[in-house]
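In what follows, a single structure is set out as structure tokens and then discussed.
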Amino acid sequence: MLNYTLRRLFYMIVTLWLISTVVFVLMKNLPGDPFGEASQKLTAENRKILMEQYGLDKSLPEQYLIYMKSLLKGDLGVSYQFPAHSVTDKIKQAFPASLELGLWAALIAVSVGLLLGIIASLNHNKTPDHAAMVTAVIGVSIPSFVMGPLLSYFVGVKLGWLPPGLWNGPEHRVLPAIALSFGTLAIMARMMRTSMLDVLNQDYIKTAKAKGLSGYAIVVKHTIRNAILPVITVLGPIFVSLITGTLVVEKIFSVPGLGTQFILSITSNDYTMISGLTLFYSSILVVVIFLTDIAYGFIDPRIRLAKGRK
Amino acid sequence: MSDKILEVKDLRVSFSTYAGEVQAVRGVNFDLNKGEVLAIVGESGCGKSVTAQTIMRLIPTPPSVIKQGSSILFDGKVEITKLTNREMERIRGSEMGMIFQDPMTSLNPTMTIGEQIAESLIKHQNMKHKAAIERAVEMLKLVGISNPEGRVKQFPHELSGGMRQRVMIAIALACNPKLLIADEPTTALDVTIQAQIIELMKKLQEKTDASIILITHDLGVVADMAQRVIVMYAGKVVEQGTLDDIFYRAEHPYTWGLLRSVPRLDQNTDEELVPIPGTPPDLFAPPKGCAFAARCPYAMQACLEEDPEHTKLSATHSAACWLLHPDAPKIEKPIEAGGRHHG
Amino acid sequence: MMPVSNDKFKPVVQDTIGREQIVRPSLNYWQDAWRRLKKNKLAMTGLIILVFLTLMSIFMPLFSSHDYATQNYDITNLRPSAEHWFGTDDFGRDLWTRVWWGTRISLFIGVTAALIDLVIGVIYGGISAYYGGRVDNIMQRFIEIIYAIPYLIIAILLIMVLGPGIWSILLAYALTGWVPMARLVRGQLLALKEQEFVMAARTLGASARRIIFRHLIPNSLGVIIVQITFVVPSAIFFEAFLSFIGLGIRPPLASLGSILSDGASVIRFHPHRILIPTAVFSMILLSFNLLGDGLRDALDPKMRK
């Protein structure tokens, strides 16, 4: 277990380093002038001062080192578009909304998805199975950036049941969370169903039956416990897709989160914001994957008890 | 008070599949006496596993169907075919136990073996968790696992195949069932481990006085453990008798075939083993007459037309074959079945 | 026993060789898989829809009286009518033609991504599995690191550097999207390598080339095909996503994603601009998924009946 954890940690660090380097390289190669339209109006002297201020006059390797040092300190630079604000500040401001949205969506996707998958598998080829699978298939075919506007329009505007946008109260959480979770919910339902059906065919379920255990005990203690293992392995990528999904859902529902910020910085070519946000997002994703790997290691006794062998 | 723990009459079990109905068991009759070890022998697909699992009602219905007229009487009073699922749950694990073939896949990988043994104790004997685990430790000791206190907290993947099979036996016997069904318990194990497991089962049987149905295709295991034997082919019993009846006085050509295809210590080493040619019939459309006729070197016209009934050869021994009809021609039995003739 | 007439006891001559014949005709793997697929109504429906949509996307723009780029400010945002079957958009462009153009481009991106997967992923996974040992180890480490990099992020950055458009999107995919296929192929080959039929082939003297081409690859094709069926819709989704956040296809070209993106913002006023492309887009994804599920079931040797 320890061995496993250390390996994962190592990979995480290497990945983070690699991503920051890639971001650095790509940022240095962006087309256009870092100072945007204003640069035409700069005199040579002012330009030199600005270059110094942003450290752009130093050699590339030097810039790289400075960059890495500041990253480690948590300094992501200053927004090009809004020089009065540091990137880190803007992130702090916008992150809570995205976090909340993501967590709600995760909760819905995991709980409803797993439940649907379990119900479908226990009623194999009967109506509940077909109904659950139809739902799943819809979830997979209608992406969140379509589901969002549809929900917003039909439920929000036409039916007026829930607000179609903004983030001002508890009822504002509902539609965006649903829109974001739907695709992931579908994937979880399908995976759980497949996993459950797989486990139900195993010999040890026959053993459990032969012991005279009730259907309920067999399902919960024997089937679900084993079926959930492969599903947990994909929790990492699931969270990743939820986080990336916030980009579009926030735009659609005007949620003041990181996603909106990101899109804004892309359209306004605010390079420091873009790189800062990219790094932030990547770090979250990488850390989340790492944590889910560790969680899986705990839950599967075969890994937990491995005595350091490969 | 009957001394028969199990009376099976005219058991018919079919499976409805997308390609039609498969008649897996086509009229099986046998009894099991208390404290006895009965072996069911036959090729793969002859219906022995289905019979065993039907006794415990382990096969889901659908797609399996226990046909009308079948009867499985347990302990002289309980009609298994008529019980509800709930009632069966009470019997399984407490009055009947089963050991499966593959110990590598028959245990839940995410539960400690202590928990897996304790489960039936908690359910059927209303034990508290702590007491159940203690009893589990005792069971592990009983089945010959060293360091039971340590093992009880381990997971199946930490045990070898032989040990896992012992754990299976412990699970099956935990609540002291009256009937134990062992479905090919040694097939997936090494020969040396096989011997150990057989020894263990014999010892436990003496101790607990349980009745055992032993399903196997290995005549060696039969000779080691069983007192009575039934031979199945294509869903029917073709011969049954005591160990001696079958090994020394067999009367059905299929049994001869089985005996001939297995090496024996008392055989001449330059004699060849003779396999039975052909393959078992398709159970979608079982043949009209005797199912073995197509592969039987002694087949007669009658065999193709009608399925023979059992002829009683002695108080313990019977076989279903037209050769046993008073008007049938006398043939020399092969040497392996007690005759002097080389088949 | 009941009395039986004497002639019934005449022995019957047996044809033992005939007895060995197997009772049901055996089909080879692919025939059996096709048979099973045909039986799966959902999968076949998916296949038919896909073929239909592909044909529509190829031929409809050719036969349409309108062009996908012509703007006409007099007829903006019209509902579907006889003249414009799908209505028009913000710039007065005919949506019928644009949707089928968009489908073409989306399908093109999907299929190309799948091909990239096939080439890079299969070769990488194949080499890794075939050589095993240290080579495999190093290659796998490399993959672990790439896998952890969210490819969306890389895509966004790449597109910013290279500019948006089909080729940037495909390049981004080519850099990171092939990992699942490589892992899958490696997994398959490793499992197959250990199986007895490979050992049997080796014992019979088969050369490495023969083993790879006659044994390993055909047995992995099933898994590869299924994976590809799922890669195409996910690539289409990926492109649509990028279009939605402004990094996709540049006008006047359109992909389904960009059309959806345009329509999403005006759903209140001109719902036809999102509802219709949604239907087409969802049909595509749906059919691929149904087909993929069906293929997976059909090609799974364990489910042979």
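Order as written gives the chain letters A, B and C; numbering starts at 1 within each chain.
Everything below uses one rule, namely that a contact is a pair of C-beta atoms (placed from the backbone, for glycine too) under 8 Å apart; a residue touches a chain by one contact, two chains touch by 3 or more.
Please read all numbers here as calculations on a predicted model, not as lab measurements.
Of all chains, the one whose mean C-alpha position sits at the greatest distance from that of chain A is B. No other two chains have as many C-beta pairs in contact as A-C. Taking the mean of each chain's C-alpha atoms, the chain closest to the overall C-alpha centroid is C. A straight line joining the Cα centres of chain A and chain C is 24 Å long. If you average the Cα atoms of chain B and of chain C, the two centres end up 48 Å apart. If you average the Cα atoms of chain A and of chain B, the two centres end up 54 Å apart. By the touch criterion given at the top, residues 56, 58, 85, 88-94, 97-98, 100, 102, 105-111, 119-120, 123-124, 155, 157-158, 168, 171-172 of chain B touch chain A in their complex. The touching residues of chain A, counted against chain B in their complex, run 202-204, 206-215, 217, 221-222, 225-226, 229, 300-302, 305.
Against chain A, the residues of chain C that register as touching in their complex are 144-145, 148-150, 152-154, 156-158, 160-161, 163, 237, 240-241, 244-247, 260-261, 263-264, 267-268, 271, 274, 278, 281-283, 285-286, 289-290.
Chain A meets chain C in the complex at residues 11-12, 14-15, 18-19, 22-23, 26-27, 29-31, 137-138, 140-143, 145-146, 148-150, 152-153, 157, 240, 244, 247-248, 251-252, 262-263, 266-267, 274, 278, 281-282, 285-286, 289.
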